[in-house]
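These are the structures in question, set out in turn.
Two complexes follow with subunit A in common, the first pairing it with subunit B and the second with subunit C.
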Partner chain A sequence: MEKFVKAFPSKPLTWPRGKQWALAGVVGSGNLEVLFERNPKTTDQMDCHVESSIPGYKDSWLAALGDFASNYPVGGTKVTIHDQGADPIVVTFRLRQAYDHLLKKTT
Partner chain B sequence: MSPAPKDTRRRNKAERMRRVGKLASGKFVSAKSVPEVLKLIIETGDILCLEGDNQKQADFLANQLATLTKKDLRDIHLVMSCLTLPAHIELFKKGLISQVDFCYAGPQGQAVAQLLADGKFPLGAIHTYNEIYARYYVDLTPRVALIAAVQADRQGNLYLAANTEDTPAIVEPTAFSDGIVFAQVNEIVDKLPRIDIPADQVDLIVEAPYPMHLTALFTRDPAAITDVQILMAMIALRGIYQKYEVQSLNHGVGFNTAAIELLLPTYGEQLGLKGKICKYWMVNPLPTMIPAIESGWVEGVFSVGGEVGMERYTAARSDIFYTGRDGSFHSNRAMGQLAGHYGVDMFIGATLQIDVNGNSSTVSKKRITGFGGAPNMGCQPMGRRHPTKAWLQAGAESNPGPGSIPGRKLVVQLAETFQSGRVPTFVEELDAQDPAIKKALHGVAPVMIYGDDVTHVVTEEGIANLMACRTIEERRAAIRGVAGYTPVGLKRKRSETRELRSRGIIQLPEDLGVSPSDVSRSLLAAQDIKGLVRWSGGLYDPPAQFVDW
Partner chain C sequence: MSCSNLFHEQTARQRIASLVDPGSFTEFLPPPARVMSPYLPQLDIPVSFDDGIVIGRAKLGGTPLYLAAQVGQFVGGAVGEVHGAKLTGIIKASARDSIPCVFIAESGGVRLHEGSSGEIAISEAMRAVFECRAKRVPTIAVIGADIGAYGGMGILSTCCDFRIMTEHGRLGISGPIVIEKWMGKQAYDSSNRALVWKTSGGKTKFLLGDADLLADDDAASVGAAIKKLLSKSAPLTIKSVKARQQELEKRLKTFGKTTDPDAIWKVLGIKNVAEASLATATEFTALAKRK
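Now for the complex of A and B:
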C-alpha cells in the first residue's frame, strides 16, 4: 500500500460551465480510478491524493503527475486516484481521459 | 592438388540412392524404414536441411532423425530456418551436429540458450529468412533436404496447400545441385489439387503416420485488445498511416497491429481514409483483417504462410488472396519476404525491448530466439529505386544528403512503454548486449531492428519521429520523450521534450487530434472471435482453442 498527498504547480483551469467533477476508470484489478474535482482553495496547483495497492512506485507517480500538471492547465483541481495495481501505462491514459471528460461541454 | 571439378556430386547422389535400393519402391518408402533410409542417404560431414518453418514442421522426419545415434550420423552441418521442436534440440544433445546455421528458435529459445551455455550448440550464425535462403544458393547448399508436404501423387508431385512457406526455397537449390530431396506427406493421392513441387525435383517420399505439425501462429482474439492498444492504434492511424498515405504495408502479428486492422472499418472510415490507405498487404491471412476486407478496404494480400481456419474464407476471396485455380491458398516465404523488403511503403510491428538509440531486440538473458523475418522488412532497402508518395515524403523528412537515397521506407516500432508484469520496454542497454550472449554469437549482439533503420517509435505517450532527428543526442531525447515512466523515460528533460514537440518530432495524442476520451472497445469492428466469424459470413473456421461458444 502506497498513500501520499502532493501538490504540483499548474496553470489555472478554465472550468466549463456546469461541470463540478469528472471521473475515468474503475477500481478493479489492474485498473485505477481518477476523480477530478474543484478545489476552491487554489487556482495554480493540482492537489493530488493517491492511494495505490502496490508500494514502491512513488517516483513514477510523482513524475507522471508532475508531467501532467506541466502539460495541461489543471490548476484549481483536486485529483483523487484509487489504484488497484494498474500498469504504469494506464495512469497517464486515465488522467487524460478524466481531463477530456472535464472539458467536454455538457449537452 | 584436388582433381578438376566434374560431376562428382551427381555420381555421389546416384551412389546414395543405390544404397537405398529395395527400401524404396520408386520414390516411395515405408514409414518404418525411414531411420534406415536416413542412415543410407546422409553422409558424415553433410550439410543437412531439415524443414522447420515458422508454422509447418517436417516433424515425422525430424523425430525419426532424432532416433539415430552418433554411430549412424555425425559431423552434420544443420541448416534450417526454425528450431521449433523438441526433436531439433535432441540432435544437439546427442552430439550429432558439428555446426548449425538458422534463423529463429521461438518455442525453443530457452533450450538454445542452455545448449549454448553448455557448449553443445556449435553455432555458425543466426540469419534472417531470406539471408539463409540466399546462402542455400551460395555456401550452405544442402546435400539432403528433409521437407514436409500435404499430399503427393503417384508420380511424386507434391501439393503444399496453404503453408507453402519455405519449401520451394529449400527444394530448388537442393534439387539443382544433385542433393537429395526427401518429403514426408500427410497422404498419397491419385490427383493433386495443384502441383507445387514437380516430381522431377523430389527423390524420396514417405506417407507419415501422423499429419505434419502446423501452428496457428497469427490468430489474435479481439477480446484481448486493451484500451491502451486502441489509443496507440488511433495515434498510429492519424500520425503515420494518414500523414504519409501508406498504400502498401506489412503488419506484425501482435495485438497492437490487430487493433489497427479492426479500427479501419470504424475509426478509419470516420477519418475518410477508405480507398486512400492500406490497399496492398504483405501479411499472412490474419483473421483480424476480415472486417477491413469485407468493408472493401483491401485490394490484395500476399502471404509468407497460411493461417489455420482461413482456408474457406481465402478460397471465397480469391480477388484478394493468391490462390490456386481451385481456390486453394498459396503462400511463399522467400517471395513474401522479398515483397516486404522492396515492395511496401511501411513495416510496422511490436518488439520486447528498445534501447535509447532505437535498437530493438526480442532476446532476453535466458532466451535466444533469433530473428525470423522481421529484419528483412524492418530495414531500409538500399537497393530500392521505385518511388511512391510515402517513400518520397519520408525521404524528404529524413534530410537526405547528396549521396543518399531520396526515399525512405517507414519502419515503425509500436510498443507500450511497459510489457506485462511492469517490465519496461525501454532500456538503456538491450539484454542482447549481454557479454555471454555476444560471445556465443561470435561477438555480434543479436539486434533485431537497428535504430538507424527505424523511422518512428509509437507508444501510448505519442510518436517520436526518429528520421527527423539531426543528431544521435536528438534521437535519444525523442525516444526518452515517448518512453513514459520507464527508467529511460524518467531521464528526459522537459525543456528538450518541449522543443522536439514544437518541431513536430514528438507528437502527443492531442497534437494529432486523438482524444483519449474517444478511446473505446466499441470502436473495434469485431469484439471477439465470434464477431470475426460473423463478418466472414461463416467462412472463417477458428481453431478449437479460440472457440468458446
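Now for the complex of A and C:
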C-alpha cells in the first residue's frame, strides 16, 4: 500500500450552495474512488490524500493530480482517493467526474 | 448522476436516485463519515468510504421507506462487519418505526477477509428481518444486477416478505463457480451463461415462485413493482413455513433428476422457450402459469 499527502496550488473553487461533498468511482480492480470535500483551511490549494494498493507510482500520481489542480479551479478542497490500480487516465477521468457531481445542483 | 438507464448497469447510488422521489433520499453514514472496514487495511487491501453499501431514508410515490443498496464493484458487494452493521441497522430502523424496508442486493455473500464478523452480521440482519416480519412491516429484496444475491445475501433475500427480480438478477446459495468446483464441470459448467441464468436467473426464479414479481431492467419498472408490494406483507407462521417446505419437497421430486433447465420452463407452462427468453417482464409474467 502506498500512502501520501500532498497539496497542489489551484484557483479557488466557487462552492455550490448546499453541497458539502461529491463522490465518483468505486474501489475495484483498475478503478478508484474520489471524494471531494470542503477544506475551510485554504482557498488556493487542493489537499490530496492518496491510498493506493499498487506501490511505486508516486511520480505518476503527482503528475496526474498536479495537472488536474492546474486545469480546474479546485482550491479549497480536500480530495481523498482510494485506489486499486487505476491508470493515470482513469484517475483524471474520476477527478473530473467528481468535480462535475460537485458543481451539479442535485446529488 | 444519470448515466445509464439500465438498472443492472447503474451504480448503487444511481439506482437509489432513479428509484425514489426526487430529492427525497437522505443517506445515513455517507462517504464523508468514513465508517470503513477495520480489517481490510490489516490485509493491505484498499477500503471504501461507505464499505460497499449505501443506506438511508427516502420516499417512493410519497410513501416513506428505508433503503439499502449494495455496491457490487467493491469486493463483489461482499458483507463485512461495517457493511453488515449498516444493513442490519436500516432493517432494525424499519422494525422500530414500522416503515417498509427495501434492499437492493448485489453481493456474493459474506466477505471472506472478515468471515466471522460477516457471518455474524448476516445472521443479525436476518434477525432484524424477522423482527420486521413479526410486526408485519414489509421487507422487500430487489435483485437486478448480474452479481445477484448469493451466499448469506441469498439467504437474507429469501427471509424477506417479497423478492423482486429482473432477468439480469440471480439468486442462490452457492455461486456457479463454487458448484462447478464441488460437482465438476460436466455437472455444472459455470462458464455457460445460458445455463447459469436458466438455473438461477430472474425469469427461472419467477417461474419457480422464488421471486414474487419480475420487473424490466429499468428503474421505472422496478419502482412500480416495489409500489405494488409496499402495503403488503406475507404472513410468517408455522403453517406458512410448513407449506413452503412441502412446495420445496414437491419441487425436488418433480425436478430433482432434470438435467435440462428448458425442461423445467416447459413443465412450468412456457411452451416456446426461445420466445419467452426474449420476452419483457410483462409478457413473461403473462406466459408463466404461476399460482
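In this text, the second predicted complex is superposed on the first by the 106 of 107 C-alpha atoms of A that agree within 3 Å, B and C clash if a C-alpha of one lies under 4 Å from a C-alpha of the other, contacts with A are read in each partner's own complex, and residues count from 1 in each chain.
As a convention for this text, a residue touches a chain if its C-beta (ideal position, glycine included) is under 8 Å from a C-beta of that chain, and two chains touch if they have at least 3 such contacts.
None of these values were measured; they are calculated from a predicted model.
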**OP:** Check whether A:28 is in contact with subunit B, with subunit C, with both or with neither, and answer first, second, both or neither.
**Re:** second
**OP:** Give one of first, second, both or neither to describe whether A:2 is in contact with subunit B, with subunit C, with both, or with none.
**Re:** neither
**OP:** Determine, under the contact definition given at the top, whether A:101 touches first (subunit B), second (subunit C), both, or neither.
**Re:** both
**OP:** Using the superposition on chain A described above, determine whether A:92 touches subunit B (first), subunit C (second), both, or neither.
**Re:** first
Subject >> First, second, both or neither for A:63, with subunit B first and subunit C second >> reply: first
Original post:
For subunit A, which residues lie in the overlap of the subunit B contacts and the subunit C contacts?
Top reply: 101
Original post:
In their shared complex, at which residues does subunit A touch subunit C?
Top reply: 1, 20-21, 23, 26-28, 31, 33, 35, 37, 51-53, 80, 82-84, 101, 106-107
Subject >> Contact footprint of subunit A on subunit B as seen in their complex >> reply: 227-228, 231, 416-418, 420, 422, 460-461, 484-486, 490, 494, 508-509, 515-517, 519
**OP:** Mind listing the subunit A positions that touch subunit B in their complex?
**Re:** 24, 59-60, 63-64, 67, 70-71, 87-93, 96-97, 100-101, 104
Subject >> subunit A contact footprint on subunit C (complex, rising order) >> reply: 1, 11, 13, 17, 22-23, 25, 30-32, 41, 44-49, 71, 73-74
